[in-house]
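For clarity, chains are labelled A, B, C and D in written order, and residue numbers in each chain start from 1.
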Amino acid sequence: MKKLINDPRDVVAEALVGLALAHPDRLRVDHDNAVVYRAEPTRPGKVALVSGGGSGHEPLHGGFVGLGMLDAACAGQVFTSPVPDQVLAATTTVDAGAGVLHIAKNYTGDVMNFDMASELAAESGIQVESVVVDDDVAVEDSLHTAGRRGTGLTVLLEKLVGAAAEQGRDLDAVTTLARSINDRGRSMGVALTSCTVPEVGRPTFDLAEDEIEVGVGIHGEPGRERRSLTTAAEVAQMLVDPVLDDLGTVSARERAAIVMLNGMGATPLLELYLMFGEVAKLLAARGIVPTRTLVGSYITSLEMAGCSLTVLEADEELLTLWDAPVNTPGLRWGA
Amino acid sequence: MLTTEKAAAWLDDYARVIHENAAWLTDLDRQIGDADHGSNLERGMTAVEAIPREEYPDAASLLKKAGMTLVSTVGGAAGPLWGTFFLRFAGALDEPGDDATVVAAAMRAGLVGIVQRGKATEGDKTVVDALGPAVRVAEQKASQGASLADTLTAAAEAAAVGRDATIPMVARKGRASYLGDRSAGVQDPGATSITMLVESAARTLA
Amino acid sequence: MKKLINDPRDVVAEALVGLALAHPDRLRVDHDNAVVYRAEPTRPGKVALVSGGGSGHEPLHGGFVGLGMLDAACAGQVFTSPVPDQVLAATTTVDAGAGVLHIAKNYTGDVMNFDMASELAAESGIQVESVVVDDDVAVEDSLHTAGRRGTGLTVLLEKLVGAAAEQGRDLDAVTTLARSINDRGRSMGVALTSCTVPEVGRPTFDLAEDEIEVGVGIHGEPGRERRSLTTAAEVAQMLVDPVLDDLGTVSARERAAIVMLNGMGATPLLELYLMFGEVAKLLAARGIVPTRTLVGSYITSLEMAGCSLTVLEADEELLTLWDAPVNTPGLRWGA
Amino acid sequence: MLTTEKAAAWLDDYARVIHENAAWLTDLDRQIGDADHGSNLERGMTAVEAIPREEYPDAASLLKKAGMTLVSTVGGAAGPLWGTFFLRFAGALDEPGDDATVVAAAMRAGLVGIVQRGKATEGDKTVVDALGPAVRVAEQKASQGASLADTLTAAAEAAAVGRDATIPMVARKGRASYLGDRSAGVQDPGATSITMLVESAARTLA
């Protein structure tokens, strides 16, 4: 294991120290609870957004705290959901009277810990709503299973819902928007190499020099199938087809979309842009117009090499929310 | 009545067992999950060991504190599940009845809490596959007037059978479910560690 | 070699296709010459900035084209400087009457190719000045050698000088500023793993599982010494000390600096923030206040793992230029 | 007088030699540079081979075009250096004198161009270590009235000696200089490939 770390047990806490030192103008970190806050308290009357999850996906979520996006992010241990105490502390701190929306990714641990926190928050009189992101088409969805995993769409959702909250929409409106975004976006990822959890010290899975894991999860969970390493053009096809099939894009007319081509952590931008070119061609062939795009590493899996594609169908409302100012360490424009 | 001393002994014994088996539990989780179940529980039980026992006047308040400690330190799926089990178990201890009946009812309360949280049913390859049979057997024994010792011994045996039955199962809940058919062939880590909890109870509570 | 590419010979051209598709609102790419331009022509009277170099360092340079930064970037083959034709085409295209500043990094090939282009441009009547960035303290500087290499400072210089050009300063003023920035900034890098040039197909150098290359260059050139893998705290020391020693920071009073902790391509943000925390502590101990910071992957070496530190002493003028709006794919704020 | 045919033969012969030795040149550069010298020159000479010869009426215009082509396609250090050599060589061909004198003077012009660009002096472990002695010997021979063939043969021998002398040198210019002392022990790739150019001239120009 080759990492720029000290004691593997201190990785998350020490990274939060660096985050706080790097962005003192914009962020404040509660090191006891491992919660990242905006430097300024929530504007009275604004719905507050709290997200969080296991660490190792940076800039998600701590890097998305700031104007136009999250109000607080709870950092769990690497790949382990935060505990209810963290989420409760964050919820209590950022509530400015208009209520709090919890944004969790669909993993059993995350959902249960956020649920416990929102029950406790509700008991103390705070209005809390939740949205659980489940956009990963690699896993079959069914009422009888844990369902799809939450991956790349989380980034887009946090941006868009953050803009809506900033506009002053109420908790119901913000929650409805969040759920409808979750309904309209899908993701799929592919890994070229594994990641290594610092405390475990060895790769989460083994891939041969000529193998790729198609449909991999953001914690190195297995995907749909293991295939031979092939060209970027063919890999693009493996991502675009399942995403669009699941979105059910059979209509003939062109449709606008917000598209993210995301790096898993160790994939250089040169490759991501090249992949984006391949993806854009395939999307065009199926009538999807990437009206807004993100190309870069926004939801990562430590030092895993690979990428994921997220496609969110976008109407005028979403495009306007997308263009609204955002000022976070991980995503910034118009401010 | 369940004394504070017995409750404390239960927690200490379980902590010891978890320390001993953490690596194995993590390895089971590595095969069908994310390689942290042993370290998750160990982190939690280490915190439970550190609870200043003298501050808790009765078994219920100590076990409630243990549950809250687990919720606050474990994270992941095990944190809420194990935490809820202890919280609900502690909350049911003031029911009337002989020791075996009270403990069986408390175990039922814990199980109900786990099912409410995790929505798993038996056959999903989870903690419920060991705890479900254990609770049923405990209730049966208690209703037949068995001693607490006999009740818990029988429950532990049932848990172990349920645990072993998870080996061929295909997971439908938790992280192992992403593996689909590939989850078959490995014993569920949570069913394994909850069986240790019932076994520990049989050793310490009666 | 595990990469998301098609034919290794087409990597640069295909990545430029993706770059153009990802940012049609902001960039225009001349695919024949492999030059990235702003979507809008240079404002009449504005000094234009042209940079470029070998590819494989993304977002540098193409990702830094846009308002407040570069006017054009010439993309060479991977790790190979662009040819004079590219630089000449870019220079001719972006000149808006006020002249053009060439920004090159100090490598023999880059310097010679930029020199040839500026001679040709001057012959055709365009005012051209050049700055050659040489900030890498890993290599001893001497009149009798090729001198220090140009690395991380290039990012900061392109941002700051871009802001000055946007303000309407003339070519002399912009050139003087660029040279003075080059005098005040220093960098040093460390590699945990090698990179693999697509056309070569095997790692540029070999590092054992417990070795790091201290003072590595951005093309995988050897550094000062090979050492054992150690803690982040000790690695931070290996970067901070030579940088500050070379800057000659012996004064007792505190000094403001713009500090970049840069990822080499495959190092996740979690580790970069952790390293930044270690670096910030050491800087503080030597009286350097990181008044402005960048933490992320801004000048990379394909999929090399590791990081580099750049420290630029900053007066009020530089801080004001730093805060000026910038709108490029790789760096954006205030716009 | 240097005919277009002879100039074309020189370029074709050099292209052939570069194709044959590209892998070796790249490997020398891998040891003390960045593993691209062979592929750089091969890319350039492939483009030179594709020049439509019939469009260039004399040796000077053809060799000038070759120089421009190298500048436009090679990049790195070799592009400007080799390109400048051919451009300056071509520009000096209209000087008066017998063939040997003209070619020696043209080689000197090429060397001066390389030194202007790269600022290397002999001993820096570069192309100059082979080309410098070659030019000196050529001038000497020509001034003694030697034939073009004898002049170039002697120059090629001097280049090879200079090339071999780069092996123990510590590089002070170019990418190899970053290696410091570790650059000693490997023959300089540029000195190797420029020697091939002079050898090729000896085979084709006389």
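To be clear about the criterion, contacts are C-beta pairs under 8 Å (C-beta built on N, C-alpha and C of every residue); 3 or more make two chains touch, one makes a residue touch a chain.
Here the structure is a predicted model, which means the values were calculated and not measured.
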Interchain contact steps from chain B to chain C (minimum; 1 if touching): 2
Chain A and chain D: spacing of chain centres that average the CA atoms, whole Å: 56
Using CA atom averages as chain centres, what separation in Å is found between chain A and chain B? 33
Averaged over CA atoms, how far is the centre of chain B from the centre of chain D? Could you give it in whole Å? 80
What whole-number Å value describes the gap between the mean CA coordinates of chain A and chain C? 29
Per-residue overlap in chain A, given as positions that touch at least 2 other chains: none
Considering only which chains touch which, label the overall pattern as line, ring, star, complete or other. line
So, with touch as defined above, which chain pairs make the list? A-B, A-C, C-D
What part of chain C is in contact with chain D in the complex they form? 76-77, 79-85, 107-109, 112-113, 115-116, 139-140, 144-146, 149, 197, 199-200, 204, 217, 219-222
Any idea which chain D residues touch chain C in the complex? 34-36, 39-40, 71-81, 83, 117-118, 172-175, 177-180, 182
Which residues, counting only chain C, touch chain A once they are in their complex? 2-6, 11-12, 14-19, 21-23, 55-56, 58-59, 63, 78, 192-193, 209, 229, 231-233, 235, 261, 265-278, 280, 290, 293, 295, 297, 300, 302-303, 305-307, 327, 329, 332-335
